[in-house]
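In the two complexes that follow, chain A is the common piece, with chain B as its partner first and chain C second.
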Partner chain A sequence: MSSTYGIVAVLVVAVGTVLVGTYGLRVSRTTSDFFVASRTVSPWWNASAIGGEYLSAASFVGIAGLIFAHGPDMLWFPVGYTAGYLVLLALVAAPLRRSGAYTLPDFAEARFGSAAVRAVASVLALGIGWLYLLPQLQGAGLTLHTLTGAPDWVGALLVAVVVTANVISGGMRSITFVQAFQYWLKLTAIAVPVVFLVMAWQAHGARDLTGPELPVFPRETAVSFDTDTSVHVDEPVVFRGAGAVDGRRVEGSAVLPEGEHSVAAGSRLVFPEGAAVPRVSTIPFNTNETWALPLRGGESFPLYAVYSLIIATFLGTMGLPHVIVRFYTNPNGRAARRTTLIVLGLLGIFYLMPPIYGALGRLYAPELLMTGDTDAVVLVLPSRMVDGLGGQLLGALVAGGAFAAFLSTSSGLMVSLAGVLSRDVLRLRTVRGFRVSTVLAVLVPLGMTLLVGRVPVADMVGLAFAVAASSLCPLLVLGIWSTRVSTVGAVAGMLAGGVPALVAGLVTISAGGGNVFLARPAAWTVPLGFVVMYVVSLLTPRRVPPGVNHVMVRLHAPENLGLRSQDRL
Partner chain B sequence: MTAMWTAGAILLAGLAVVITLWWTSRTRNDFLTQEQRITFETLHTAWSAAPPLRAGLVPEAAKKSAKHLRTLLGTPALALIDDTEVLAWEGGGDHHATDAVGLAAEVFATGRTRAFDIACDEPDCPVHTAVLAPLTVEGRVVGVLAAYSREPSAGLARATNEVARWASGQLELAELDRSRTRLVEAEVRALRAQISPHFIYNSLSAIASYVRTNPERARTLLLDFADFTRYSFRRAGDFTTLSEELRSIDQYLALERARFGERLKVTLQIAPEVLPVTVPFLCLQPLVENAVRHGMEGKVGPGHITILAADAGEEAHITIEDDGIGMDPEALRRTLAGQVGATAGIGLGNVDERLRRCYGDDYGLVVETAEGLGTKISVRVPKYQPGVHA
Partner chain C sequence: MTSPRRPPTQRVVVTSPRTRAPRAPRPYPASREIDEQSELGAVYMRSLIRTQRRLGLLLCAVVCGSVAALPLVFALAPSVAAQRLFGLPLPWLLLGGLVFPVFVLAGWFYVRQAERGEREFAELVERS
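Presenting the complex of A and B:
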C-alpha cells in the first residue's frame, strides 16, 4: 500500500493542527480595533466547530466499515448521530445555554443546587468520556496500521501524546477556528475521493452493487492475517500461498472447502480473480443482494437492535461532554438554536459519504470481510479503485482526514475530561491541577487501548451513546422540562439508567459480542432511567430543590423579554 | 477475550480511583480514643449547627440549626424564638409552641436565663420544664433558645446557657458577615461613583477641542461618554458579560485616546469563545484605568497597553499589561491587603476583594510589576460558578 503519501498526510495534519492551535489566535485576532476583537462566534463558525469536534473515528471510518459488513441497518448510526442534534435542538439547546452552565456537572449544580447530583453527573461524564476516547485511540491505531503495518498501539500512543502535549501547553483548547477548519478538512477528505470513486466505478462498467452473487475478489488478491482468524467459506475456493490453515502448514496451491476454517497469524494467502470471498465468522452470510436488505445484519432480534440503536443515538448526543461545552460559546439561547440547526445540515452532508464507501467496498475491497478489518474500508478503497499517483494522493487525503478526526475529537474530549477531573475530583482549580488532570484523563483509555483487541470502532461509540442516553439525557430532559424532579430522584435516575448500561456494555466488549440485549442496552436502560428518575422524584417531593420556579424562568424565558436584566438605566 | 475483561476492569478501576480520591478529599478518618471521639462528636455537631446560624435568625436556617442544637443538648424538644414568633420547634410536644413567645418575653425583658415549669394534660408529652436562655448580639437580646425536658435540672440550665452563648457568638459572626457584605456593596457603589472628576474634566475638554475642528468626532465622543457613564452608573446586577465589560472599556479608551492622541497604543487579543463569560460588574475597567495611568504617566513617548483574553477550558484568562512606570510591589501588597492609606493601584484592592468573594481565594488578582518595568495584571474567571448569572 502506498504508505509514504499517507504518512506525510498524517504528519501534516498533526503538525498543522498543533501550529494553528498555538499560533492561530495570535495571528487571527491580534488587533487594535475593538469592533473586530469583540465579534462573537457566529452560529456558522460554531456549528462548523461542533461538526469538527463531533465527527470522530466512528463517523469517519467506523460507519462505512459497519455498513460494509452488516448492511443498511447500520445506516441508523449516521441517521442517529445526526438526529441526536434534532432532539438537542428541540429540548435542550437554548435552556442549557441560558442556564449559564459550561459542563454537564455545572448544569446539574445550576439546576439542582446539590453537590450530590453534581458528583454523580461528574463521574458519569468521566466514564462516558473515557468510553468515547477509547475508540478514537483505537481508530488512530488502525489507521497507522493500515498505512504502515505498524502495531496498533503506535497510532494510539501517537494521538495520545500529541493531544496531551497540546492540551497541556495550552494550544488546541476548544479554539473555534481550529475545530471549524477540522470539519471542512474532514468533509473534503471524505467527499473528494467519493467523486473519483464513483467515476472509477462508472468507468469500470458500473457493476451492480446488489447483484445476487457473493462478494468476489475483483482481481488476484493476496490476503495477510495479523491475528489468528476464524473464517467461514461459503463456496469452495482455490488459493496458494504460505501459512497455516486449520492447524496444517500450507505451501503452494490448495482448496478451502465449504465450512469453518481457522487461519493462523502470519499467513499470507493469494486468491484468484473471481473467487467468492470467505468471511470472518462474526459477519453474517449475505450475497450482495441480501446484504442490501434491512434486518439482515446477523443479530438475533434485529428489530429490537435497530430500535435500541435509534434510542441510544437520538438521545445520547446531548450527554457527550465535549458537545455540551461548545454551546457555551453561543452568546444566547437563540444563537444556540441556530447553531444546532446548522449542525444538522453540516452533519447530514457529511454522512452521505460513508455509505458509498461501504457499498463500493463490497465490490473492490472484499478481502476485508475475510480479515475482519472492516473499519479499514475507507482507507484502502481510494488506492484500490483509482490507479497510479491519483489513487495514492486520494488515499493520503483520506488518511489525513481520518487522523484529523481522531485528533479533534480526542482533544475536545480531553479538555472536557481534564476539566471535570481537576474541578470535581482533585479539587485543584489551578493551571497545574488542570495539567495533572490531563495526564490522568488520557492514561485510563490509553491503558485500555493497549489491552483491548479490535472491537468495531462504531460499536464502542454506540456504547458511550447508550450510557449517555440512559443517565445524562434523563437528567437534562427532565431537569429542563419538569419542576417536580427532586435531588434524590435525579441521582437515582442517573444511576438506575447509567450503571446497567455501563455494565451491559462492558460485559459485551469483554465477551466480544453476544446477547443483543446487552450489546444494545439503550431500549431498556433509557426508559429505566427516565421512569426511576420521575417516580423517585414523585415519592420524595420534599427534596425538590427550593427556588425551582426561579431557575425555570431563567432556563426558559427568552433573553430579549428582559426578564433577567434589570440593568437598564 | 481476557484482554477485554482487563480493559473493563481498568475502566472500573479508574472510576474507583476517582471516587476514592473524591471521597478522601472530603473526609479523613483516623482512629480516635474515647475522649477524642466525644470531643470530636461534640465539636462536629456544633460545627454542623454553625453554618445555618451564620445565616442569621431566619425560619429556614433556624430549623436546620435547631436540629443540631437539640442533638448537642440531648433534650426532648428545643425551640428558637425571636421577639414575635417561634422560628423553629424541634422535637415532640409542639403544642406548647404557642405559649413559648409569652415565656420568651420575660427573657427578652431581663436578658437572663430562666427556668419555667410547664403544665400539660397529655400523658406522654415530653415537655414539663423549660430553660430559656437569651441569644445576644452586641449586648442586645435578639432571640431566645428554649430547651424543654421532663425534669428540671441544674445541669440542663447551665448547658443551655453555654450553648446559647456559643450560638450568640455565631450570630455575632453572622452580623459581621452582613456588615462585610454591606461594606463590599458600598464599595462597589463607591467604585461606580468613582469615575474620577479628573476623567470627566479631561474628557469634556478633549471633546470641546474637537467641537469646531471635527464636529463628527466630537459627537461620537459624546455618545461614548454617555454610554460609558450609563454603564458605570447602572444600578442593578452584580454581574455582566465579558463582551459588555469590553465594550465599556472601548468607550473609556476612546475618551482617553481623545486626550492622549496617538501616544496611547492599544493591542487586543480576545478569544471569541470567552466573550459570553460572566464576570463581576466593573472588574476590568479599573484595571485598564490603572494601566492607562501607569502606562502614560511621566512619559513623552507612546505607551502600550495590551489586553488579552484567552480560553482555558473551564476558565477564561484575562491579562492587562502596560509598559509604563510600574508600581512599588511593597506598596501594592499593602493596598491588596486592604491597608488604609496605601495609594498604589487604587481600585485594584476592590477588584481583588470582589473576585475572591465571588470565586474563592484561588481567583485573586495576580500582579507582576516593578518600578520602571511596567505592570501585568492577570485575572482568572471560571466560566461557571454557582449563583453567578449575568
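Presenting the complex of A and C:
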C-alpha cells in the first residue's frame, strides 16, 4: 500500500499527542495532579478518556483481524470488553471511587490494611500491565511495518518514546486530555472509512459475504512472505514468482497441489485472479459460508474457548490497572457511575465497526489469510477497496487511528504501572520517582517484544484479561461486598487464581500459541480464585481486618451524608 | 329553624400536632451512629450494602447471564445460528449490534436504581 500519506498521518498523531500533552503540562503542578488529575474531571471528559484508553490495539486492529480469520466467535471479544464495563458499573465503580485510593494496591491496603495483600496486588498489577503493554507495542510495530516495510521494532520503539516523553512531562492530567481527544480520533478513524467501504462494496455489486466458496483472490495478487510460513492449500493453485516453496527454488510458473506447504521468508509469489486462497495452517478450513457460522473458529473445544473468553472479558475489565486508575479521577462515587454509563455507550458505538472490516476482508484482502498477518486487515482494506487518492487518504486515516490506539492505551498503562512502581517497588512518592518509574515501566515490555513469538494481538490482550479476572477481580468483588474476607484469604485467592493464569499466559506467549486450556485459562482459574479466597477466609476468621465495618461505611455510604468516617483524602 | 327537635349540642376535643414547634432532637443522629460503629449504625449500613449488592448481582445475572447463554443456544440449536434477520445472520446481528444498546439500557437502569437506593438511605438517615 502507498505509504506516504500513512506516515504523515502517524506523525501527525504522534506530534498532536505530544502537543496536547504539553498543554496539560502547564496545569500539572502537584503530585496529585500527576497521579489523578486532582480529581476534577467531569463525567464526559472522563468517559471519553476511558474510552480512548480502553480501545487498544486489540480493539482497533486485533478484533477485525480475528473475525476475519476465525468468524463470529470472535465477536465475543468486543461484546466482552463492553460487558466488562457493565459488570464494573454494577459491582465496583462507586465503591472503588469511594475507597479514595490511587492505584489497585492502594485499594488493597485501604480495604485490608495489610502490607502482604498490598504487595501481592502490586505484583499482579505489574504483571497484568506488562502483559497488556506488550501487544500494544507489537501492534505499533505491525502498523509501521504494513505502512513502510520498516522492521517491527521501529514502531514499538516510536510508541515507547512518545508515550514515555508524554507521561514524564505531564502525568495524568495531560493524559486525560490526550485520551479524551484520542477516543474521538479513533472513532472517526474507524467509522468514516466504514461508510466508504460499504459504499464501495455496494458499487461493486454487493457480493455475498457468506457464499459457499472459499475466499478467492479478487484480482491478480502478489503475496510477499516476511517469515517462513507453513500454508495449507485446499484447491490446487497455479502461481508464478520467485522464492522457495517446500525447500525448492521457484522461478516462473508452478503449481501448488493440495496439502501442506512451506514458503520460505523473502518469497514473492503472484496468484491469478479467482484462484482459491491458500491459508496459514493455524487458520481453520472454512468456506465463506461456514466461516460465518458460530463455533467454527478452529478451536479443539469451541464451546470451552468461547465461555473462557466470556468469563475473562466480563470479569477481567475491572482488574486492569489502567482502567481502575481512571476511576480515581472522578469527583465522587455518583460521578463514577455516570462516567461508566457513558463509557458503555461510547464503546458500543465503536465496536459496531470492526466486524465490518473483518467481513469485507474476506472478499477484498484474502491474501492476509495466506501470510497470517490477519491483524493488518483494517489497515489494508481502504486502499484495496477505494481507488485512487480517496483510498490512500482513508488508509492514512485508519493508520493514524491505529497509532492513536497504541499511544493512548500505552499511556494509560504507563501511568498506572509507573504509579505502582514508584509507590510500591521504588518507594519514591515524588514526581521524580514517578518519572524514573515511567522509564522502567516501558523498558520491560520493550525488551519482551524482541523475545516473544507471534501471537495475535487480541489473543494476548485476552490473556491479560484472564489474569486480571482470576486475581484482582475476586479481590475487588469480594473485598467490596463481603465483610468476611480475611487477609490470608485475599492473598491465597489472588495467588491461586493469578499464578496459574499468568503461567498459562507466559507459556502460550513463548510457544506462540498452543493448548486451548492454557491459551484461554479463565474458565478454570477464575472460579479457583474466587473459591480459594472465600473458603480460606472462612477458615481464618481471626485474620479478618479489625476495621472492616469502618471501611465498609467509606465504600458504600453516599457522600452527601457528611459522615466523618468518609472524610476524603 | 322549622325542625322542633335538634340534637343536643356536644363538645368535641380536637387536637392537632404543633407543627410549628421543633421536634425534640434525637439524642443521637443516625449519621453519628454510623460514624461511631454502634449496633444501630451497623444495621443501617448492612441494609444499604445488602440492597446494593442484590441490585448489582441481579443485574449482572440477568443481563450477562442471558447474553452468555447465546453460545449454548448456537451450539445446541445450529438452525437458530443459521437464521437470518434483515439480511444478516442472527449471531452477527445479535453480537455485532443488538447487545450494545441492551448493555447501555441495563446500565442506565442500574444507575437509576442505585441512586434511588442511596437517596432513600440518605433520607432514612437524615429523618431519624
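Assume the second predicted complex is superposed on the first by the 537 of 569 C-alpha atoms of A that agree within 3 Å, B and C clash if a C-alpha of one lies under 4 Å from a C-alpha of the other, contacts with A are read in each partner's own complex, and residues count from 1 in each chain.
The rule is simple: a contact is a pair of C-beta atoms (placed from the backbone, for glycine too) under 8 Å apart; a residue touches a chain by one contact, two chains touch by 3 or more.
All values reported here derive from a predicted model rather than from experimental measurement.
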Which superposed partner A:210 touches (first chain B, second chain C, both, neither): second
Partner chain(s) touched by A:430 [first = chain B, second = chain C, both, neither]: first
Partner chain in contact with A:337 - chain B first, chain C second, else both or neither: second
Contacts of A:523 with chain B and chain C, given as first, second, both or neither: neither
A:363 touches, of chain B and chain C: first, second, both or neither? neither
Which superposed partner A:113 touches (first chain B, second chain C, both, neither): first
First (chain B), second (chain C), both or neither touched by A:83: second
Of chain C and chain B, partner touching more chain A residues: B
Doubly contacted residues of chain A, that is, touched by chain B and again by chain C: 564-565
Chain A contact footprint on chain C (complex, rising order): 31, 34-35, 37, 41-42, 45, 48-49, 52-53, 55-57, 59-60, 63-64, 67-68, 71-72, 74-75, 78, 81-82, 89, 91-92, 95-97, 99-101, 103-104, 106-108, 110-111, 114-115, 118-119, 121-122, 125-126
List of chain A residues in touch with chain C within their complex: 72, 75-76, 78-79, 82-83, 85-87, 89-91, 94, 210, 292-295, 302-303, 306-307, 310, 314, 334, 337-338, 340-341, 344-345, 347-349, 351-352, 355, 359, 481, 549-550, 552-553, 556-558, 560-565
Partner chain A, residues of chain B touching it in the complex: 1, 3-8, 10-12, 14-15, 18-19, 21-22, 25, 230, 233-237, 240, 243, 246-247, 249-250, 253, 265-273, 275-276, 278, 310-314, 360, 362-363, 382-384, 386, 388-390
Residues of chain A touching chain B in the complex: 25-26, 29-34, 37-41, 100-103, 106, 109-110, 113, 119, 123, 126-127, 130-131, 134, 170, 173-176, 328-332, 415-416, 418-419, 421-427, 429-431, 434, 444, 447-448, 451-453, 455, 506-507, 509-512, 554, 564-569
